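You will see subunit A twice below: alongside subunit B first, and alongside subunit C after that.
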Partner chain A sequence: MNWLSRLLHDPRRAPIFLIAYTVAASVLMYIFALNFETWFFVLLLTSLLFLHLGNANRWLKLGLAALVIAVVIPLTGQENGALLNVSIMICINIALALGLNVVVGFAGLLDLGYVAFFATGAYVYSIFASPQAPRFLPHLFENLPMGLPGDYFWLFLPVAVFAAAGAGIALGLPVLRLRGDYLAIVTLGFGEIVRILANNLDKPLNITNGPQGITPIAKPALFGISLGKPVHFYFIGLVLMLIAITLIRRVENSRIGRAWAAMREDDVAARAMGVPLVKMKLMAFATGAAFAGAMGMVFAVKQTFINPESFTFMESIAILAMVILGGLGSIPGAIIGAVTVTVLRMQVLTELANWLTQFHLPPALNLAKYQPLIFGLILIIMMRYRRHGLLPARRHFVDIDALTADSPEPAPTAPARGA
Partner chain B sequence: MAELLKAEKITKRFGGLVAVSEVDFTVAPGEIAAIIGPNGAGKTTLFNMISGVYKPSGGRLFLNGTEITGLGPEQIAPLGVSRTFQNVRLFKPLSALENVLVGMHTQLQSGLFSTFLHTHRQRDEERAAMREAVRLLDYMGLKQFANEAAGSLPYGAQRRLEIARALATQPKLLMLDEPKAGMNPKETDELKDIIRRLRDELKITILLIDHDMKMVMSLAERIAVLDFGTKIAEGTPDEIKRNPLVIEAYLGRGAAS
Partner chain C sequence: MAEFVHLLPQVTIDGLLLGFVYAMVAIGYTMVYGVLEFINFAHSEIFMVGAFIGAELFLILKKAGILSGMPHILVLVLGLLAAMLITGLLGVLIEKVAYRPLRGAPRLVPLIAAIGVSFFLQDFMRAVATTIHGNFVTGVPELFNRQMVPLPGGLTMSVKAVLLIVSALIMMAALTLFVQRSRSGKAMRAVAQDMTTAGLMGINTDQIITLTFFVGAAMGGAAGTLFAVQYTAVDPYIGFILGIKAFTAAVFGGIGKLPGAVLGGVLLGIFESYGSAFMSLATKGAMGAEYKDVLAFALLILILIFKPSGLLGQDVSDKA
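This part shows the complex of A and B:
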């Protein structure tokens, strides 16, 4: 791989390579939209990784990346629905991995019940934008037998965000004094509580419709125009994901992000520096949960059907596997982890399973049932050979000379302060 | 004389063990005071009570006349008490600059939402904070390490970085817990200079702990001696040197005669 790394760092050859590779992968992807899709899709996604790593003009890289995610994927997706479906799930999972990364990677609080917040967001919208709410609130929804129309999707985005953040605080409060293994167990329990609650809240008042789940969920609409096609969901997911990346990048190198890192590294020293642990922990739980809340809604409208089975412990583990695979505390890491795990789960595993059917293996050997094994292997291999992940977190570099150069006053030798 | 810090019959019990027993102690503004005593005398426990890490089992603590007994460290730090730790406790993977910036946490205002929105105020505040942090690093002779991981710095530099981080909280009282531990004689001399400069130039009151008499005698203006959790002596370095109780605590019974 040395030649590749040299190629990507060569300021002369890298731009040419990036353009050639991205265009070639895009063309292949589009031509073979219906065949060999997984491998061409992986090729296309690799071009995004190269764009991240390559040494070239920032605008050129952004332009090529935009071409891939905003043109090639939706265009190909018109032909190939399965592919678009995977792409939507990638957007959702990137935002989930970034959110969990805030809690586990930045603040160092191991959370094994993260899917609970995803479920919160999904259920908050689904209950009201489906025939479910009219069932238990017949008077309020007298004229709306199908629940609220899709125009309310946008209104419900902040509602879901705050509901999930509230659930984050509800989880945060009882676990404030816990750390390590104990914290992991309680968060795991919290995730299960939310799932079991959704499973059983069909009586005495039928709020969640229990294991039968909720359907049909209103598709989003804007000014009466329905945005109900998968390609719309893709763009909604994409925009929300890009917002998530922007916000988390901003918070990473800020007063709040540093306080989280300090708390993670040494809580005694952090407190001695005046960092209020309670507030910071709750803030981390709420922030991480908020992103899951928004994405829960995208998931709900994409599926048009949700039930508690979509929010199992396995999902929490999958998101954690993404974060650890990519690199704890690393934003590019969470992204590459989410992409890898999603493609592995949805594409590679199913295709391998399909391919294996020709050998008439007993059903117990169905690869689709081996997901937990795959996650376990990912976690073990990463911990053993590459603890900091595929794209490890890098220390934020500050150009000291530039910082002091435009200083309004010449830097005195002693810090100015009151006595 | 108004005291900056006053401890009244301050006591800490761990189960049956009395680590600090009814210690009365004051620090005047602008002085370099020291607490000495043999290993296990309760020095660090006393420190931990003043900085809020431990809740005292008895007695009261006052800072500038206001009671701070039982407050947590995150409440005491903004009141102007900062400290270093006996075993350096830096945020190791963070850069030296970021370590100092964490120390400035309570002076900065930006919350989650202004950070998300990347407001002008937040960016200006961040830049100003970084400049101030670089200035503090420069003051402690650490500017060249600004972007290095704190855990990778040479040991002496880590000790100084801990002081820089403590200074970032803008303390009135700076407590140094065995600051010279693990330093060579040259580094120790530099450290003494630094401590004097902090007091003379920045007007910060210093309270330090050490069990090494030589260092404390040449630096501190007033010394309290702890032994088995009780204060056995207090006074100027000369008084302490001649005090038979102190000599006994350090050298054993019979050494004084």
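This part shows the complex of A and C:
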């Protein structure tokens, strides 16, 4: 792999390689769209990875990435709906992984109930934009037997974000004093409580419709134009995901991001330096939850059906596996992790399972069912052999010895600037 | 209210049975936590594996046609011994493979590995059970032929239930003796108090940690077999919620304290049983047993907020 890394770092050859690879990959992706779905995603993943690592003009890289994401995927999606479905899930999962990465990676708070916030967002919209709300609020919804129309999707986005963030703060408040591992168990319990509530709040008042779930959920619409096709969901998810990436990139090295890092490394020292721990922890929970809330809505309209089965502990662990695989605290890592795990779950395992059926293996060996086993192995192996993930977070180190050695006077050598 | 009083004996027995299972599992959490200050997330799955081993042994005996001929108490003891031995070794193996290489790493690292182990074991057992039986829910042969024991006050209790409580008590007493009286138990307590100093005093700390995992896992495995005998069906997912509750019990009693784990387990079992019975009566059946997990988790959160040291523990808020 050495030649590849040299090629990607060479400022003259890298841009040519990137253009050639991305264009070739795009063409192949279009050709593969119908038959070789796994290869489609391998090409997608590699081209994005090379674009991330390659040494070339920023705008060139962004343009090439835009070509793949905004042109090739929607075009191929017209041919093969399943591909588009996986792509929407990728967008959703990237935002989820980024959100969890804020809580676990930046702030160092292990949250095992993250899917609860996703569920909050999904349920907040689904209850009101479906025949569910008219069922338990018949007076308010007298003229709306199908619930609110899809135009309310946009209004509900901030509502879902705030509801999820509120849930994040509600979870954060009681557990603030707890150390990492206790916190993990409590968040796990919280996630289960949310799922159990969703499962059982069909009586005495039917709010969530219990295990039967809620359907049909109104598809989003803008000024009366329905945005109900998978391509529309893809672009909604994509835009929200890009907003998430931008926000998190901005926050990472901001005052808040640095406070989180300080808190993660040593909370006593951070407090001594004046980091308000309570505020920062709550902020991490709320930020992480907010992304999940927004994406919960996208998930709900994509599925047009939700029930508690979509929000199990397994889902929380799947999102955790994405973050761990990519690298705790690393934004590109979370993205790559989300793409890999999603494609693995939705594409590779199913295809492998289909391929294996020709050998007439017993149904117990159906690979598609082995997701928990694979997530478990990912977690164990990553922790043992590559704790910082596939694309580790770049830390900014300051070499204090070098600084003091270069300066003419011994330390302390930092006069107050502007004095 | 009269209805509630009428239900009381049955609810108490149900709660006690569950409570002793929690207590046995909680011992494993609390022992490992006492030594390493680490939540062995995979312990719930060790319990589940123990339940499967007991169940499979009974099934094999039944298939061989000797189950009905043997005294059932002997069958139970055999099941317990097999489950304890295998789960004990499994606990040691997990520690060697997944936790030992991570010692000294930031706290979250072994915890995440433990979650991985837990998922791996769960799915692995699902695959094994599905391969053997075609279905991951495994029925357990009925032991003791539904015999009942009369209790004072005109009540009755099944033999299985009595034996569950008796065997749990025997094992917990044996464990207490081991930890308090034996040389290894003394070493274990020393390591729990201060690992570095214990090492300096010539205690092989690695060996003691291995022993801790073996004993803790064996108790969990025994609890699994008792669970299988009592509830006559096992599946790979019985450990998950039960594990969180057993952990709650360990925290409730004061984590790191063996008597605390037992007390916390029994109290949690009774609390849960009363809570769901009372809720169901108070809401006229609209809300009931389905909320018992919510009650237990809510209790966990409340304990951690107001008394994180638990009933019998010292204040560990510095550590916490």
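Simple rule for what comes next: the second predicted complex is superposed on the first by the 395 of 419 C-alpha atoms of A that agree within 3 Å, B and C clash if a C-alpha of one lies under 4 Å from a C-alpha of the other, contacts with A are read in each partner's own complex, and residues count from 1 in each chain.
Definition applied: contacts are C-beta pairs under 8 Å (C-beta built on N, C-alpha and C of every residue); 3 or more make two chains touch, one makes a residue touch a chain.
Predicted model only: the values in this text are computed from it and were never measured.
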Just subunit B (first), just subunit C (second), both, or neither: which does A:L222 touch?
neither
Just checking: does A:A272 make contact with subunit B only, subunit C only, both, or neither of them? Give me first, second, both or neither.
first
Partner chain(s) touched by A:V27 [first = subunit B, second = subunit C, both, neither]
neither
Applying the document's definition of touch, where does A:V71 land relative to subunit B and subunit C: first, second, both, or neither?
neither
Touch check for A:M283: first (subunit B), second (subunit C), both, or neither?
first
Tell me which partner A:A262 touches in the superposition: subunit B (first), subunit C (second), both or neither.
first
Let me test your reading of the model: by the given contact rule, A:L247 touches which partner, first (subunit B), second (subunit C), both or neither?
first
Per the contact definition in the header, classify A:L140: touching subunit B only (first), subunit C only (second), both, or neither.
neither
In the complex, subunit B residues that touch subunit A:
51-53, 72-74, 77-78, 82-83, 85, 89-95, 97-98, 101-103, 105-106, 108, 110-112, 115-116, 118, 122, 126-127, 129-132, 134-136, 138-139, 143, 146-147, 149, 165-170, 201-203
Contact set on subunit C toward subunit A in their complex:
38-39, 97-98, 101-102, 105, 107-113, 115-124, 126-127, 130-131, 134, 240-241, 244, 247, 251, 283, 286-287, 290-291, 293-294, 297-298, 300-301, 304-305, 308, 317, 319-320
Please give the residue numbers of subunit A that touch subunit B in the complex, ascending.
247, 250-251, 254-259, 261-262, 265-266, 268-277, 283, 287, 395-398, 400, 403-404, 407, 411-415, 417, 419
For the complex, which residues does subunit A have touching subunit C?
104, 108, 110, 112, 174-175, 177-182, 184-186, 188-190, 192-193, 196-197, 199-200, 203-204, 313, 317, 320, 324, 362-365, 369-373, 375-380, 383-384, 387
